[in-house]
């Protein structure tokens, strides 16, 4: 699939909370082809500091305006620089990247499990699902974070009218508990559903185990270090269970590797060999 | 002499012209001890890009407010970043550095020869000289640049009421001609004066030659690459004529080296071995 | 008229002197979704071993000051899948296809070379000698002149088209190694591969890479690469290909002036996917701005 | 209670493991105008030769990606002026004074060591073996184990207090060199000196440094330095001092975890004059945050 690389202009910057920022870019081609779960690589500085671009899920793709948006948390060096960008600044972007989620069809019962900065792709997925005929109230959207100020909680999410369940580890907003806690309670009763999850590895690992125990199908979107983001370096590879019928290899590893940026970031539940 | 190193706050930013910026910093100790011709090292980024701080002459030292100012031209990578600083930003500064000019005493006949970004230290020197009893109209201040937009031309300079002679290579402001042209015309008639010069090496080299031909005394402030600015690396060294009575050396060089940041940046006319 | 950008290595013509470096371009498919590979002087594949390799487990990469460490560990599809799945794609582009080969035994190199000699679409081989030689205690083939030369001789024997020996920079005397591989039949030398490096996580007090050590690449190493390229190009007759930290046309021109007939772009492809194309354009511009009508006229012309 | 920061090299106690590197601190006077040198574990002087040296002509330095090149060329005041003008100042500070010595002949090293052995204020010598050996064709003493060992033996013979051998990283097998110098009597090893590098001005088509080549230092080289320090510290018994790209406490701690008993701060002193002091404070904080009461407890504890 065609990937676009160029300098794109920041059209809008809004603060979702003190350390959570939404940026929109004029990027017509990307907006047209992007699907939920795909991401873009943003070069946050024109210097070599930092060297690598940073990956961000596409949060929204407005084909009418030819704009895409991301929502990100200021988490370290690169996101701090990115947070300093202003409307009108132009910045190097590559995208859309990776394989997205399969879009749920009408009639599905769905749970979205979003931990921390995992919300953005699941928002877009929900929007696509609803456009695809899924009833908003048949989507349970769990959005969790450590505390209230870390919660990704933009109005657009509420406006989708899904069954939104907020939770925080410390109970400072929504239910007290982790996304995994809430999810496990849900799937304790019901297993005729599909789970879509995005968030920190520790969360995804637990969810993956719960799903396989209950034999529930699901899709997990992973995060890894991404030097390139488009499949040329193998740096983002994660271990997956080895192919049954792979031939002889030279280094006899008990794992197979898949590139998160190219074969992912979305993986089927049960596929990843967690560390 | 005590040097101060710390983070200082930008108190004021003004545009002298489109690419010439004045920044003031709250830096009480530096403002108190600074003398004309001294400079500060500014670390323009907290990353390693660029690695070295950048040197700037002290343009003004306001002991009452405890502020120092610089005027600089956006000339490359580092000055471009520095130009992006805003009031309230804090930034690492080391200073005051180097040896300043000797301050002229009352009764002296003086020519200041400022090429391009050489104006700032000569402005401060003029101010000190006038405070020291030199009559403003006995100071001929030549300020030159390639063209009008490159000319450092702040109001403070005019307000000193010196005999100000502006010139540009292309005649777009003031007399047409270089600082050297104007200076040579002046010293053709008169040699009972002292010349203080700051500007690009090519200009200083020519001035140095003219002064020695006419046997006129003068002081030149040099610019060199400055990894440290405080004498520890030897990177800024320039060739000077070897000491008559230096002993044997190991590498039999026909030159002696002086560090511009420590033994300079001000050198006596005739001292430097130009390349 | 536009300046001539084409260069030649032992009869093989490159439309311009800009190639992509091994391991930094996979087998070209991914980048072809961004731009037309026919713009490039050539593509060097990820190093190929006889059998497929998974490579080291993650974490495999770490960001450093103006550089990065990688311990990918020769992840590759192996010879057979390369021939059936990757080579046909590459051959469909109007650019030179250079296959990088790697092995842990002399015979592995030789077998790879022999099989690849049958494929007309393989324009040249680049021999990656920065691999541990399992027969001789795991020391890198490229660390000493003799084993380095032996690998090249073994490959030369099997492969009739241009042979490029890729040198490791982790040596006392790179010129010695360069001599040995040219004496053994290398038609060209490319350098540098990555510098050995590491990083430690002070929170967990463990290495950042699963493999402990990795290879340092990127802008940080450019000065080291340029010095080695100059030394080798000044001492050795065969054409030299410069690699290491090249991310702009100006970087590439430094290597050409130092004596490289061509350059490879590695890490820069990660942070600036269009870097190779920008570099080609920039070299053309430089030549025109400086009134050269042939890139060959600037090669090795740096003044002391 | 505050954690113990002091470390020992062959009976010489350092109040903390942070020293300033040779050539990056002159003889200490300039920095003493910024902070109290008694805060430091030690100061290593600019390398001293028997006679004064002017060093290479300008330009001597060039800024690179997260690093710099220098071709200072051993500019120094020579032994006699050092003793009369510089040593008394250094001795007046409550910190260890380590004199770096350099030469182009074995005898020069020996004569320097002999004369400095008389000076009780010289706590240790650091022997810079990255100098061209004029007797043997200008190859660096430090490039091969044998000449490296010979220099150390010559110095050991004359100097009774701790002897630190400073290694060049531009070698195939740093552990071999480290073995040779310890076998010859080095009480400690410091590494790394700079990597050979260069840069070219594409406008003038000439080298950026008057000397053509220079030494690369700064954050860019940290991963290379750390790997070499780990390898040497793992293989050799004597205490190792880590050098190369250290600019923060976290950098310094990486070297301690890799097995260095102390570190030297070089290029960082240029862009952050207070770096050594901040590093000392940061190490103390790290120890306290992680419940160590002695810096010696973390040395060499990195997990694979």
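Note that the chains are named A, B, C and D in the order they appear, and that numbering of residues resets to 1 at the start of each chain.
Just so it is clear, a residue touches a chain if its C-beta (ideal position, glycine included) is under 8 Å from a C-beta of that chain, and two chains touch if they have at least 3 such contacts.
What you see is a predicted model; the values in this text were computed from it and never measured.
Comparing the centres of all chains, each the average of its CA atoms, the largest separation from chain D belongs to A.
A count of C-beta contacts for the chain pairs B-D and B-C puts B-D on top. For the pair chain A and chain B, the distance between mean C-alpha positions equals 54 Å. Chain geometry summary: the mean Cα position of chain B and that of chain D are 35 Å apart.
In terms of their C-alpha centroids, the spacing between chain C and chain D amounts to 34 Å.
Averaged C-alpha coordinates give centres for chain B and chain C that are 47 Å from one another. Within chain A, the positions touching two or more other chains are listed as 48-49. Among all residues of chain C, those that touch two or more other chains are 64-67, 218-220. Taken as a graph of touching chains, this assembly is complete, with every chain in contact with every other.
Residues of chain A that touch chain D in their complex: 48-49. By the touch criterion stated above, chain D contacts chain A in their complex at residues 65-66. Chain C meets chain D in the complex at residues 64-67, 69, 143-144, 170-173, 195-200, 202, 204-207, 212-214, 216, 218-224, 226-227, 230, 245, 250, 253-254, 257-258, 286, 298, 301-304. Remark: chain D residues 23-26, 29-31, 33-35, 46, 49-55, 57-68, 70, 72-73, 75, 78, 218-220, 247, 267, 269-274 touch chain B in the complex. In the complex of the two chains, the chain A residues touching chain C come out as 1-5, 43, 48-53, 92, 94, 224-225, 227-228, 230-239, 246-251, 253, 255-257, 262, 275.
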